[in-house]
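As structure tokens, here come the structures.
In the two complexes that follow, chain A is the common piece, with chain B as its partner first and chain C second.
Take a look at the complex of A and B:
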């Protein structure tokens, strides 16, 4: 016991020492350099990538000046990641997905974390945005009377791909509008009913996307819409960038890779905007009203907070970001289908918010990164490992089990639901405030109607914050 | 004294039976009348002509001739929903908590029952057996499903909900969603490990697939046969027995009194010497067992099950519970029957009435539309809350 406390004290002192003063700068830069070097030299190593990504966390935690922090973060996101990303395009995809889902999770965080409204159909707004650009940015408007799957001769694009930029803004507006239209009737409901109704709304949107291929072919049904246009990237600009980028990457950067880079940066811009807006909102009058609603609705009404209007703001703000992200998603994939907008996606985004910390902006980003990396890299890596084992002649010694008899179905990559489920249960029971709890953490998920909540075991969960 | 008890028992057995008959006949009559009036109103409309051109019958004849079969199917589905809805309603009545994982409890029950029958089939015990034995095995399968599902529900409560009982409302709900997702993949993993496939098809045995013919309607385009499958009869009878049994348990026994007491006021019930934790466990056991039985019945009726089979029936059953008035057992029954009716009517008539623009594929979202409407205009449900109403 004594030894342990002494050990703890020494570690803490060490961490303190390392995270302060000049040491911290050197440490942070050295760590980033190490991560970058590792990824640069062995582009396929998972551990190298994890070290690289975790340096973002290090930047967040060390006590260095704000300007230094910011510039290091920008250096990582804008310079280092694109270079290593182009060397192994899979990393760029991971980074893109992290950005997309971080933006979604930040949007959901406004609804769930700030205002305390559990939205289980969040992905519906994302779908609305995606289908908005999928419809106008493809040949679909000329196929209204066509049977899905056939390509009649008159099909053509109705607008140029550069309208994409306009549609990102439109997606914002349409998302907000959808949020208001849905929110108006249902926001009077109590928390758990609201959750189920939003879930229902999410399913409604998915079923509509699946079935609106008749009487007018709006969504092309289960087959989805493809191809969807992307904005054109000006060739002179690309050539100018190539001069710098090619030697760094070590080979010629293709146009497809430039599109990956473009969408990564676009997602990054949205994330930055969402972070800014979310932070400003949280500190504003609206944000305080949200906190009041989250803590105690009755008291909030008594204090003159316009309940429904404030909830609508939260819904609209969250939904608008999802709408904009949907447009971006549709353009980057050049394909949308109803399957991308299932209930599981909503729960995935929710588990990012819960894992990172409800209401906490850095937490939510970390949550998105962890879930995406678990999903895309760790589970897939395990799958790959297992399938290699399956092809080998290896046998587990004691129980005499040959790996090649292992069922194909036991593929970790297929068990995302289990991953989400475990995250949700474990976080709720052991750490309801998340990995990085929000600073002002006494929200709805901590204590609500304490009088009603009589706990027979005396185990009141008042959080860890 | 004895006679008084006797009359209480008899009343609690007969009352739900009477309610079922009233609900089924009432909602059936109302919906049929609505459809007929609609068909009359749309006489001569484009939809009418389109149908006449395609099938040779006008809308009114089409509606009337399909009505008996639709009603029979509706009742079957309605009772399945009611049996699942009771699980939601009981838990909600006692804990005021939406047990989101109930749909997976239902799926687990279905898998246990079906796996048992598959094992029997594998052992050759289902070949050419008589009706009596077939029914016995089916009953055993249902009981096993009930046991497994009930125990699972109790275990889930113990692990994932009880530690969170003091926490605010959304915390256990999120945990329940987690349980739901976890169980879906857990079932899939277990099922796919043995055969490489995660869906199961219930073995065919006994006379469950036969149709009892009730008559036919002669039409110019050929007679329409009206019949009911034996398995539908089994589903209806079994669900009725369960509903009556549950009603009896809750309203006529000492345990039931304890359940009602805990639902009404937990601290006071605890002061009166009721072991609240045990009653809550029991509630989950009973609710889970009903869900499990409903799962086996569902498998019997729809033959194919997979780990995600519980999702839609679960949501619809929840809708049914809310529609009837959540926390209220009679309400769950009414909600289930009404929702089953609405869904089957939509499935049967939507396509003909909208000229194929919107068909049976929209019946799944009909439930959500109803849910939203009920919650907006009558949040306490058709019958209002009688148990455990707290804001």
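Take a look at the complex of A and C:
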């Protein structure tokens, strides 16, 4: 008992010493450098990548100046990650997916986390954005009377791929509009009823996408729409970037890789915008009204908060980001089909929000990262590892079990959903507020310094708890 | 002219008539109580005033303008604010945020201002926080602004509710059993707070209250309800002697003894 408390005290002291002052700077930079180096030298190592990614968390928790934190984060996201990402393009894909889903989760967080409206069909807005660009950015407008799957002569693109930029903005607007159109009849409902209606709406959109190949072929049905155009990347610019990037990467960067980079950066820009918007709205009259509605609708309306309008704001804000991300998604994949917008996708985004911390912006981002990495890397990595074992002659010593007898059914990638279920249950028991729980802003005017000190104490407690 | 005027207000729930043809007049600047046994329809009347229920019959005028058909938030914007019988704070918001929500209708910022963060926005936010602190000081809540509302002790939560209601800068404040669950000391403090609300802020007060010490001590006029109807109205001294009131509270036998 005594030893344990002493041990705890020493660890706490150690963490405290390591997480502040000059030591913290050195630690953070060293860790990032180590991660980068590892990923750079062994582009296929899962552990190296995890170390690299986790340095983002370190930057978040370590107590260094705001400017330093921000510049380290920018260095990682804008310089280091693209370099190691081009060396192993799979990392860039992971980073891209994290950004896409972080933006989606942040959008859903406005609806579920801030305003407390359980939306189980969020992915519908994503689908609306994706199909918006899939339709106009492909040959589909000239195929309206064609049978799905056939390519009659005269099919051609109706607009240039550079309209993509305009359509990202349009996706924002159309998403918001869809949110309002759905919200108007639905937002008088509460709690469970709202959840069920949004669930239904999500399915309606998916089924529409599936079936709107007749009478007019708008969505090309279950086969999906392809090819979808991308904006053209100007060759002189690419060549200019190559001068710097090629030596860093160690080989010539291909045009396809440039597209990967482009969409990664585009998603990153959207994420930054979403974070800014979410933070600003949260810290305003609108955000307070949302939280008030979440806490107690009757009291909120009695204080003069117009319920329906505020809920519509939340729905529209959340939906607009999904719409914009949908456009980006369609362009990056050059292919869109109803499968990508299943109910499980909505649940997936929701579980990122819950896992990370409902209502907490950094939490939700971490939630998205954890889910994506678990999905794309850890589980796949384990599967790969097991299948390699299976092909070898290795035997588990004591029980004398040959790895090659291991059933294919035990492939970890097949247990993805179960694993998420277990993780969510464990989280709900031990950390119900999420990985990084939401905290209320300190607002007292006087004692700015005291409030700041308190904030820092709060962080220290978080770090050691 | 009367600040609040209700005529023939009737509210039914299925076969039950909770408020029946109720007439009620409240002059500006008064402190008035509504009393009556449980289930007499007092809270239903409050809810009809604040738009939570819509009465089947009757008219309600506030400051000469009709209230019926308005939503709760519109009524709040017109200048009627309230507290609740069971405290209804925004538990996971800080005390200051609770009060800032009370100011919702007074703040001019919208979506655009919140996103663009111009100077006007920052000034309004800063000013609102200063104001919130003055309301906190007024109800005696200094120094707990950053506490989550749910973490405060019961008595302080009651005060936050009053501060939040005052932050809307109402002309009429409805208090639904504001001293329920308080000890005599807290009750005395609450009563003097309510007096200051009227005297210093000029807010008209309408209370629902069971504690007779509070009712008799603070009210300038009292309305008594029973079974959804007004059975008496008058000065505290008159109400105390009114046989129908005694009967409603204590039953017929006792009132006959009292009359004898």
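Just so it is clear, the second predicted complex is superposed on the first by the 430 of 465 C-alpha atoms of A that agree within 3 Å, B and C clash if a C-alpha of one lies under 4 Å from a C-alpha of the other, contacts with A are read in each partner's own complex, and residues count from 1 in each chain.
Here is the rule we use: a residue touches a chain if its C-beta (ideal position, glycine included) is under 8 Å from a C-beta of that chain, and two chains touch if they have at least 3 such contacts.
Keep in mind it's a predicted model, so treat the numbers as computed, not measured.
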Check: First (chain B), second (chain C), both or neither: which does A:300 touch?
Finding: second
Margin query: I'd like to know which partner A:254 touches here: chain B for first, chain C for second, both or neither.
Written below: neither
Checklist line | First, second, both or neither for A:284, with chain B first and chain C second | finding: second
Next item on the list: Check the residue A:292 against both partner chains and state whether it touches chain B (first), chain C (second), both, or neither.
Entry: second
Next item on the list: Would you check which partner chain A:424 touches, where first means chain B only, second means chain C only, and both and neither mean what they say?
Entry: first
Check: Of chain B and chain C, which one touches more residues of chain A?
Finding: B
Check: Of the partners chain B and chain C, which touch A:120 in the superposed model: first, second, both, neither?
Finding: first
Note to self: Under the stated touch criterion, which partner chain does A:42 make contact with: chain B (first), chain C (second), both, or neither?
What the structure shows: neither
Margin query: Taking the superposition on A as described, I'd like to know which of chain B and chain C A:232 touches: first, second, both or neither.
Written below: neither
Item checked: Overlap of chain C and chain B interfaces on chain A (superposed complexes) -> 444-445, 454
Check: For chain A, which residues are in contact with chain B within the complex?
Finding: 116, 118, 120, 185-186, 188-193, 195-197, 199-201, 203-204, 207-208, 210-211, 214-215, 343-344, 347, 350-351, 354, 407-410, 414-418, 420-425, 428-429, 432, 444-449, 452-457, 459-461
Check: Given the complex with chain A, which residues does chain C contribute to the contact?
Finding: 50, 52, 71-74, 76-77, 81-82, 84, 88-94, 96-97, 100-102, 104-105, 107, 109-111, 113-115, 117, 121, 125-126, 129-130, 133, 145-146, 148, 164-165, 168
Check: Which chain B residues qualify as touching chain A in the complex?
Finding: 97-98, 160, 162-175, 177-186, 188-189, 192-193, 196-198, 266-267, 270, 276-277, 311, 315, 318, 322, 356-358, 361-362, 364-365, 367-369, 371-372, 375-376, 379, 390-391
Check: Where on chain A is chain C touching in the complex?
Finding: 277, 280-281, 284-289, 291-292, 295-296, 298-307, 313, 440-445, 451, 454
